[in-house]
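Scrolling down, you'll hit the structures one after another.
Shared between the two complexes below is chain A, which has chain B as its partner in the first and chain C in the second.
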Partner chain A sequence: MKKTIKIALAGNPNSGKTTIFNNLTGSHQHVGNWPGVTVEKKEGSFAFNGFKVDVVDLPGTYSLSAYSIDERIARDFLLKENPDLVVAVIDTSNLERNLYLVAQLLELGTKVILDLNMMDLVENRGMKIDTEKLSRILGVAIAETVAHKGKGMEKIKEIIVEQAKEGKQSFFKIDYGEDIEKTINRLIKFLKEKRINIDYPLRWFVIKLLEGDAEILRKVKNLPQGETILNIITESVAKLEKHLGYDLETALVEKRYGYLKGLVEECTARHYTLEERLSISDKIDRVVTNKFIGIPLFLVLMWLTFQLIFTVGSPVANLIDSFFGWFAEVTSKGLINIGAPEWISSLISDGVISGVGSVLVFLPNILLLFVTISLLEDSGYMARAAFVMDRLMHALGLHGKSFIPLILGFGCNIPGIMATRTLESKKDRIITILVNPLMSCSARLPIYILFAGAFFGKNQGFVIFSLYLMGIVLAIIMARIFKTIFFKHEVAPLIMELPPYRLPQAKSVVIHMWERGSLFLKKAGGIILAGVIIIWFLSSFPPGVEYASQESLIGRLGSVFAPLLSPAGFGFWQAAVALGFGILAKEVVVGTLGTLYGTGETGLKDAILHHFTPLSAYSFMVMSLIYIPCIASIATIKRETNLRWTFLAVGYSLILGWIMAVIIYQVGRVFLRLL
Partner chain B sequence: MIPLSMVNPGKRVQIIEIKGGRGIVSKLSNMGFYPGAIIEVISNRNGPLIVAKENMRLGLGFGMAHRILVRILN
Partner chain C sequence: MNTLTESAQDYLEAILIIGEKKKVVRVRDIAKHLEVKMPSVVAMIKTLAKKNLVRHEYYGYVELTEEGLRQAKSIYERHKILFNFLHNLLGINSNIAKEDACKIEHYLNPKTLEYILKFIQFVETCPEGEPLWLSSFHYFIKHGKRPEHCAKKEKIEKEVKMGPLTLNNLKVGQKGRVIKIAAESQIKRRLLDMGIVPGVEVKIEKVAPLGDPIDILVKGYHLSLRKKEASSIAVEVIK
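Now for the complex of A and B:
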């Protein structure tokens, strides 16, 4: 017996796989209460009784047929990687549907452990499950867990190790009825006679062929006698369908569910009444998804989010700001006192502290933003927002589900772009990726807070809200345009599970907040720090030039591009440099301004008040919102699509950003003159 | 037999037929919404619908719901 065991966690979306994964391996992978949180496979491991267990967490899937990229990742792993065993994580409150995937795994001959998760929900409802019987009929070991409370974890580790030591999965078979069974057996016999060599159990292979599984059909086609086999399959399917009166795939699904229905009835005792089924979730949904209340409610929630971010976040941000101001001064004086050369003192205080500090100031606001996103995800509202928006999105040529990647984009565009993997249609997916950078991510927030705080005082919340809204509206318009130009197709219809509402767990919210927060800090110590140091050097050279003056290297560089920006109202070199370096990471826009203006006692805010007007501040924020995604986003777009779409994403955003900033500045100027 | 989109909330129905591309029919079937399955309409107000099977709540676009033919049970 080898000492390393390889297992996979598989199950329906939102059944708690990632929570189990985190509990088993001590990882902190992101969880949330909506289907499709995990779109990549995640790997981890734990040790138990002298064994090392490698765990792979798979994206959720309803069946072994794949319709979207995340489901394909799960299917490919289960079919090709041959894990020692698969832990099927089951949402026990939805037993029948969750067992469907299990039945398919068992037909495939996979060694399975059944993990009845969310047992608390079931027990609360007074439902009893005869696990012994279930285990006997399916021929699998069963573990019971309540993952979000960490219950049952030791036991499941024990079962995993114990089962991995034992031999093969016992044979499992669903009876598809006389007619279908006859055909299955005939085809098995035929394949045996032909001595066809395949990696899968013959019976499963034949069933998949009858179901018309595209990938398996392709595989057969490449076999030496592929054409002959395919002809026989087509013939058999046609014959069966004629006999059954409807299509065979549906018949197979129905038989499987029929079997599972019987199984569930046999193994459970239900005590709850009919009325109880209309749960609290349904009552909330009647309000939240109401035709007239749904969209306004979403907007109100968004507006409240901004109020929270400012009223709670800004006072703390101001404290940090004063701290860095004081710190830069003290450091600068201290360094000179101990006899350090002036350029070192300047690098540390003007460059590093003013530059990175000006970005770090916004940590409280960013943490609060991620708290609210986490609440949206964990409560279950996320899926409803997509549901409510479906009609509007549809009218605009997008899919309701596209709304989730867009909301995630408010946190960071990269997970937003990744989340499009749950979309079934490739065209919907590309459009959603292309417009995702228009969602104001948290990196843009420091720019907004800095400028709105300096110029719009009490109305800053409203001003920033308008920028977020502008992003959404532009995304919708651009999606419409892309669709007309590139894809003239019907949008795939909305089919989406709505998970029950849950009270968000404080622990999960804090973990999520901290993860995003530490990512922000790492960015500040990495790319942002590097950016401001480069800017400091470019500002200090050639030797003898006044720091951060127009004669410095960076001043000359910025002056080349500045004229292009003057129609938008900020045609000075500092703005051009800030936007240019902002492509590294959008926070660098603020960091650059901090480095360039941070000298002296006036502080960044005063410097900005001196250079911008309220109108040019607004057009600058609009430009920052729209122009060119950050490098990391560009790389993600490239990975998820191809070079052509990546060029388009960069190109259109630059042009659109410039046009919008110019329109706002020029129209605003005319308007102000009229007043 | 009427389209699911026209069923009032609170009704229990049996799915008779799903009209649509192979992918859609197959996806719905695999989720437990196959011809013959009994489901309940939770809400339906001219927009997307919410339907229930067991403890599962499924949101369906109006267009999709229009292509699911059902028989009312109660």
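Now for the complex of A and C:
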């Protein structure tokens, strides 16, 4: 009979945890969300020796102090879900800091397997680790791996199964020194005597109370005797602090690190100095973050990113586009030939097939985007980019890391918004999310290409660039405004590791790309498809009207809203309807116009040349850039924040879009008259 | 002086002030100045004359004796000091300041008065003119908030809690040992978790191209911090 084991992977960011996860589970993994929050939850499984092992990949954290969402999730999972054991993946070349998390896991009373990852780096440096001793002192089983080469994976599976079957709980305990220990023991005794029911390991609980852990303190407050306990804690802390000469939280962390320092010294044969580590990485850094080269290099890399995504991706996208155009036509003809009613043929070709086509057409760009992102992230460059750009981003009231979600926004705002999870402070997250839709995503590009191509000929590149630039400038202004209004007094620190450079692994790049690509198909695909079919429906009904005529439902809706748009130069019902459906997904604007002018994509250029002027075409593009995040973005914003911020995101962009379009059209008109 | 009642003191002061403005002091002037009735003035003048503080000539002029002048001047001085303190230093408007100075002056212990006087002198003889903290205080009164340079809590904390040397003061290549962290609790915890604990050795590795943040080596890895965070970490230089 198959037995199931539940394990979790914990570890610092950049410890190779994700690679271990991929190696363990292979293709048996899926991405979801942690309940109630928006942090990604990766789960997978593998079979070994007749056991089925379910693996949960915890967010990468440095600590379990519950100050960031990631840390809280990891901690809550360990406390509430009680996995059979936790595999702590650590970067062995940076033993001491990585062990800090392990110490916290052990204090929490979880059963741990220590995975000494990146053993090759250690061996290359001629450093010896006495794993037996380390295992004995910590009271845990140890596995050695080189994840990116797949070394040690069978062994670690064996250890996991073996430990889950019979391994004992570690007796690990850090000695915090006489005074603190006395207090800890006194408090444990007190809690035991009072028979206060706590779901946590007592010693851990007391230590957290002494540390002033906000979440635990809140929990205690709600206990029947909460007030009494809190009073005793406050008193004890005050007494200890007076004795120690500084605050207890610092003292506890210091003791923990002190213990680990001793441990590492005892278990490693050669203790290296600060400078010896990371020498190659440091040499690279000397160039990458150089005073003069740093920023130009960053810009070049961003340019390359864009070249890869658009220059390489777009031809493939065009190919997909024409394939679906051809397929829709053939199907339509075929259906009519076999005697299907015209509306059925229309639904299938104009609705379903072109709907699927308009989803898939973005896939090449999006896959390439995530390849680049993954390369930048896995190589360690992303942190350098944040390091180089932080001063600038900070001046905008944001964080160096905010630049990543904003850049992602150029591909698609949805991953851009989702990437704000890397930001620790709420302020940075909210502002970055709010201005993210101003980063002109690739779904808006078809609109620009259509209009700029039709009206601006040779200058279309420049015109499209100006729209991207306008988005960035507006994002800067809005970020400042939001910061002043909502987060005036908040400070968010930058405390970020610059991990050693590493060669990205093809396997994890591919997995990452595929994960994100399929996520896009799932999250956005359905909505876009539904949008196209709704358009088809609104265009075809009430029954008997000519497809997408002014008498159709869609035409009537457009006529109602059109007058509102005349100050912006496009006050006709087709434009209003197209914008309305652009809410479903921005690129739908193009398809809608094609449908409404009855031309399809091919004759659309001539149709808009007839209806727009260059100026109103430009103001229409500006409107399309700003006026509202697409429904998938709105849904993502709602998931990442709350209803209030979502309303704000929708409301401000509608107003701003209209104002900008009107200003451009009106000022432009005056200007043209003067010329 | 202690034997004199409050109102007696007021009379002496009034006579002095009137005498400085006019050549002679009449009972009528005093009554007007203190807003009392003439007979009251006459009665008080008699009392004061008995104590040999004033001379009252039959034709109605009142004059301070030498002792009376000394005491009146001292009372007047106190009044001026208090008025100064209230008006010039705290910035209370002159009418209220005058009125309150009159009320307070009788009750203060001479020692208190002496310290207030010294305090005023200290402030007024500040070589840079009005001290910054006083301007800040006036700004605070006027706008209900601190001016920018003293608005940050951390800054005050830093100045109070630690010596001048913090991590951001170190130069590239310099090494230091962490003494203490004085940041807001969440930031502090993060720094602690990352291994910035008292006693740990840090080295400034480089500064970002735009001058901020900085990159430090700690416990064998690179950590980047803004100068602002670095300024909450007290260090000592190690060679």
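Keep in mind that, in the parts below, the second predicted complex is superposed on the first by the 391 of 675 C-alpha atoms of A that agree within 3 Å, B and C clash if a C-alpha of one lies under 4 Å from a C-alpha of the other, contacts with A are read in each partner's own complex, and residues count from 1 in each chain.
Definition applied: a contact is a pair of C-beta atoms (placed from the backbone, for glycine too) under 8 Å apart; a residue touches a chain by one contact, two chains touch by 3 or more.
Source: prediction; values computed, not measured.
A.B. asks: Chain B versus chain C on the shared chain A, clash or fit?
C.D. replies: Overlaying the two structures gives a clash between chain B and chain C.
A.B. asks: So, does A:D390 touch the first partner chain B, the second partner chain C, both, or neither?
C.D. replies: A:D390 sits against chain B and chain C alike.
A.B. asks: Which partner does A:S63 contact after superposing on A: first (chain B), second (chain C), both, neither?
C.D. replies: After superposing on A, A:S63 lies in contact with both chain B and chain C.
A.B. asks: Based on the superposed arrangement, let me know which partner A:D321 touches: chain B (first), chain C (second), both, or neither?
C.D. replies: A:D321 contacts neither chain B nor chain C.
A.B. asks: With both complexes superposed on chain A, which partner does A:D115 reach: first (chain B), second (chain C), both or neither?
C.D. replies: Touch partners of A:D115: none, neither chain B nor chain C.
A.B. asks: Does the superposition put A:R97 against chain B (first), chain C (second), both, or neither?
C.D. replies: both
A.B. asks: For A:I295, is the partner it touches chain B (first), chain C (second), both, or none of the two (neither)?
C.D. replies: A:I295 sits against chain C, while chain B stays out of touch.
A.B. asks: Would you mind listing the overlap between the chain B footprint and the chain C footprint on chain A?
C.D. replies: The overlap between the chain B and chain C interfaces on chain A comprises residues 62-63, 65, 67, 94, 96-97, 100, 212, 246, 249-250, 253-254, 257, 277-278, 282, 285-286, 289-291, 294, 383, 386-388, 390-391, 394, 400, 493-499.
A.B. asks: Within their complex, state which residues of chain B touch chain A.
C.D. replies: 20, 22-32, 34-37, 42-43, 45-48, 50, 52-64, 67
A.B. asks: Which positions of chain A touch chain C when the two form their complex?
C.D. replies: 62-63, 65, 67, 94, 96-97, 100, 212, 246, 249-250, 253-254, 257-258, 272, 274-275, 277-278, 282, 285-286, 289-292, 294-295, 383, 386-388, 390-392, 394, 400, 491, 493-499
A.B. asks: Report the residues of chain C in contact with chain A in the complex, numbered from low to high.
C.D. replies: 180-181, 183-195, 197-201, 203, 205-213, 215, 217, 219-226, 228-229
A.B. asks: With touch defined as at the start, can you tell me which chain A residues reach chain B in the complex?
C.D. replies: 62-63, 65, 67, 93-97, 100, 212, 246-247, 249-250, 253-254, 257, 277-278, 281-282, 285-286, 289-291, 294, 383, 386-388, 390-391, 394, 400, 424, 492-500
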